[in-house]
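Both complexes below contain chain A, partnered by chain B and then by chain C.
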Partner chain A sequence: MRLSAYYAYAKKQFLSRSAYRFDHLMGILSTCLQFFIFYEIYRTLYGSKESVDGITMSMITTNFVLSLGLSAIFSPNDYFVPGRIWDGSISTELLRPMSFKGRMIAENVGDACFNLIFKFIPVLLIAIFTTGMEKPAGIGNMILFLISAILGYGVLWTISFLVQMTAFWLINIWSLITIKDVFVNVLSGMMIPLWFMPDWMAGVIKFTPFASIYFTPVQIYLGQLSISEIVFKCGVQLFWTVIIYALGNVLWNKGQKKLVVQGG
Partner chain B sequence: MRDTIHLVAVYSKTTMRAWFQYRVDAFLKSLAVFLREATGIIVVFFTLLKFDTLGGWNIYEMLFLFSILFLTYGIMIIFFTGLRDFGKTVRDGSFDRFLLRPRGLLFQIIFVNSDWFAALGHGGLGIALFLISAGKAGINWNVQNALYYVFTIAGGVLIQGAIFLFIAVLNIYLLQTDSLKEMLYWNMRKFAGYPISIFHKIIQTLMIYVMPFAFVNYFPAQYLLRKDDMNSYPEIFMYITPIVGIVMYLVAYAFWRFSIRYYKSSGN
Partner chain C sequence: MSFIEVSNISKTYKISKRKSGVPGMLANLFVPKYENKEAVKNVSFSIEKGEMVGFVGPNGAGKSTTIKMLSGILYPDTGEINVSGLIPYKQRKEYVSRIGVVFGQKSQLQWDLPVIDSFELLKAIYSIPDDVYKKNLDRYMEMLDMDKFIKQPVRQLSLGQRMRADIAAALLHSPEIVFFDEPTIGVDVVGKDAIRNFIKDLNAEDGVTMIFTTHDMQDIEKTCNRLVIISEGSKIYDGTLDGVRKLHGSSRQLDVYFMNDSEVAEIPDVEIVEVDKRHSQFIFDGKKVHINDLMSHLLGTYNVKDINISEPDIESIIRKIYSREKVAG
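On to the complex of A and B.
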């Protein structure tokens, strides 16, 4: 019975997204353009070279299609909590007989399902027909890729959750969210394949959660990791999800106590 | 005339006051814009650490190419914020107030608001990139080149201003043009940071003849840097940025004058 309420929220979100068709087409166009810019840049960089450091052009293409595609699916709503604090509706929402965070996850998952079907698949098809993308290294890799992608979503979602919690203290968190996006975009491998990061930078990234979001699933898809490495890297994804969620939760509990709603 | 200058001074003072009311917030917002816009440059920096050149352009030349794009946008947005947000002005009916005041419409739109966060973020990034790259990109900064640079920046500002003015005019007919602007302006701008010669022919044509970003930064940078890929374009393209800017602006202005007569208020 409880679960069906969350399902209803997810479904509602899914359906409400279908109302904005033009915005949606713009989103697909924007993701495709971003992909083609990276594709053309790397085609120019590679020139006639077969591979650079053992990385072939088709692996680069795969990295961009998958990470841009996953990011198009994930895109958690960074303004879910801040928006409700600004207009004060959070005070009534907290009174509802269901978990606020559960509802937040439900709506985000509804969003993600919509994006998966109507954004990721079109972009994927366009990319497959116009450029050379690698097939998954095997059936097992494909299944593990899916699991790791879901864990990657967990990492990105909790980062968003943590940043949103600061809205209890800061009225305007647009700046913070924008800066968060810069870190995610650069360090996750979505805009530059992490294979080509200089060693010192790779050393820094190793200790951040960003590579767990898109790059781990991509590496699994391409068959670059052995089974023990896959288990380790998925463990790292899980580790970050739990740690960041716990941090966010501390802020969530503190924030509710000092919640100041303007007006009433 | 003195009256006009006085009015501009008053307007500038009030917008500055409004935007910098909350100092910490203003600083954070400018920083966020700066970092967001720098994302593409950080990516190019790391990529070229690995590959040295992109289509024959080294890192300093690439940064110089980027710097013109950001500098022109930073200057442009000081004057054209009112046109960027013109759709809102029309939709909520506050444009009617402008119509009643004893000053030119465009004059009011240009001077009553300036997005200083965008100006500082973009302009600051443009200046930083210029300082890093101008000396090392191998440009001979004699009087002639310096003059060329000033005129070409002015041309780039006018080109983008004309595009904003043109899209703003469409609001009179369509009311809602945000998605159109996203498609025409922002999507094409994504290509503008890179040498256009690396892209597909269709994109190159769009960048030269439809949304002429190539004249904002690519051809001016070519005049100063003379890279090999310039051979595939007519030489004259390197000299006409100011002319493209003036012509586009005049055409957009004529369109504005023509359309404003058809303005119907959305409010009551």
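On to the complex of A and C.
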């Protein structure tokens, strides 16, 4: 494997993102806006109460900062494959002597690095200085949080990968992507923290891949999980990453065979 | 076994038949109807190392589809392709590092980046050693006259400039085989010449095997000695350029320009190609048809403005072959 090629793609993506300054300013703004809207809603709901079901307002704030922040970093490009199938430029990709999936990840990592520096950190700082948030429960938690966040990224990326692979058959998968986004945004606890889901629902969501994307890292950060729970939950993240990737890969192998390159 | 062996490849596209209007859309959703389009039918050929082969054929003949299969992007439905022991669509990664592909209609460069940055990216992708990269870049820069626009983003280039940049990009890693799909489309006369000379030099000096498609017969005349004609998915000619001419050995061509729009009636033993309403070509065998008879017939029947006799040029021979195929098919 020629890593330099993948590195070059990551770097290219990072640099070309930097070219659109207005776009990234708007990105920061929209993440901040979402954060403050959620923050205000929950502050109103809390009123003067110290905590609800043992969950303090400050924990809620932390949940939003981290999950919105992580989602701003991750943001896999759902249109990477569909767009290339749609306009036929997938042929260019297939003409390169490198793994297509590796290249997909490389570009997304370039994006993620950009988002980490230019979206997550500004939003984090703004949140710390305005609303404040919980500190990590400890150094160990911080490290495990990072590991779990990377695994969460794995889950989110593979979900996107799986959805994108359907484009080989469906060509236009805009609506499928929208549905996926709804599932991810609602079931991951990004909009309604999973603490507040009714028990039966939380019980179901627990078994979906969505819950492990942002909520597991957040729980680790806040120190809500014992070591054995952490190991188990990270195992769940890994499990989903592997399973969904394998499914996506089946479609990828089949899709390549039936690929029809548009345009001539 | 030849360098490139193509045996009996076929490719059928499935086209969904769309009905228009809302009821049609609904019908489509529940009972999708497909139509099969046989783009390539049982095509075979073999190409030796260092050859330069031109593919021509009318629009929709299956040239691009063939190139896509040869470059490993499309799987043929049936048949096999073997290039020096590799199967393009199966051993894709290994194969594509040895080939270069230019799609005239589709740039493979990074839209937003200056040309030189795209080249640098390719250097990393193909792990091109520094000295090779520099040597090739300098050479292509000069041959394709690229120094004026090398620092401009691709989206700001003119079509001809973009094409030259695309050609250089496909060749930076010194591929053994290069596929060109309409490399001269939309390029002006001077640009076309530069591209043709470039292609010819590379073939002559480096022995690069080349296959290209074009609609410009001059491309073929100036670069290739072997010509493959494809029509409606089938190969109908494979041989030298001179061979095509010889097929029409003692033939003569009469170009007739009319004063007004004229409908030309059939004449026995004469092949008539209507270029436009006021210009038709009459191609005939000098041994069978007397030129005097033909001329007097034409002058007597139509309102003729100008007449020109020549040996048929390759363009009109090809045109004749195409139009005959259409009648036969």
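What we mean here is this: the second predicted complex is superposed on the first by the 262 of 264 C-alpha atoms of A that agree within 3 Å, B and C clash if a C-alpha of one lies under 4 Å from a C-alpha of the other, contacts with A are read in each partner's own complex, and residues count from 1 in each chain.
Simple rule for what comes next: a residue touches a chain if its C-beta (ideal position, glycine included) is under 8 Å from a C-beta of that chain, and two chains touch if they have at least 3 such contacts.
The model shown is predicted, which means the values in this text are computed figures rather than measured ones.
J.: Of the partners chain B and chain C, which touch A:172 in the superposed model: first, second, both, neither?
T.: After superposition on chain A, A:172 lies in contact with chain B alone.
J.: State whether A:185 touches chain B only (first), chain C only (second), both chains, or neither.
T.: first
J.: After the superposition on A, what does A:54 contact: first (chain B), second (chain C), both or neither?
T.: A:54 contacts neither chain B nor chain C.
J.: Just chain B (first), just chain C (second), both, or neither: which does A:19 touch?
T.: The answer is second: A:19 touches chain C but not chain B.
J.: Under the definition above, what is the set of chain A residues touching chain B in their complex?
T.: Answer in residue numbers: 22-23, 26, 29-30, 33-34, 36-37, 40-41, 43-45, 52, 172, 174-176, 178-179, 181-182, 185-186, 191-192, 196-198, 201.
J.: Going by the contact rule at the top, pick out the chain A residues touching chain C in the complex.
T.: Listed in rising order, the residues are 2, 4-5, 7-9, 12, 16, 19, 88-89, 91-92, 94-99, 256-261, 263-264.
J.: Using the touch rule from the top, collect the residues of chain C that touch chain A in their complex.
T.: For this pair, the touching residues of chain C are 13-14, 64-65, 68, 71-75, 92-94, 96-97, 99, 101, 103, 105-106, 108, 110, 112-113, 117, 120-121, 124-127.
J.: Any idea which chain B residues touch chain A in the complex?
T.: 25, 28-29, 31-33, 35-36, 38-40, 42-43, 46-47, 49-51, 54-55, 179, 182-183, 187, 190-191, 194, 198-200
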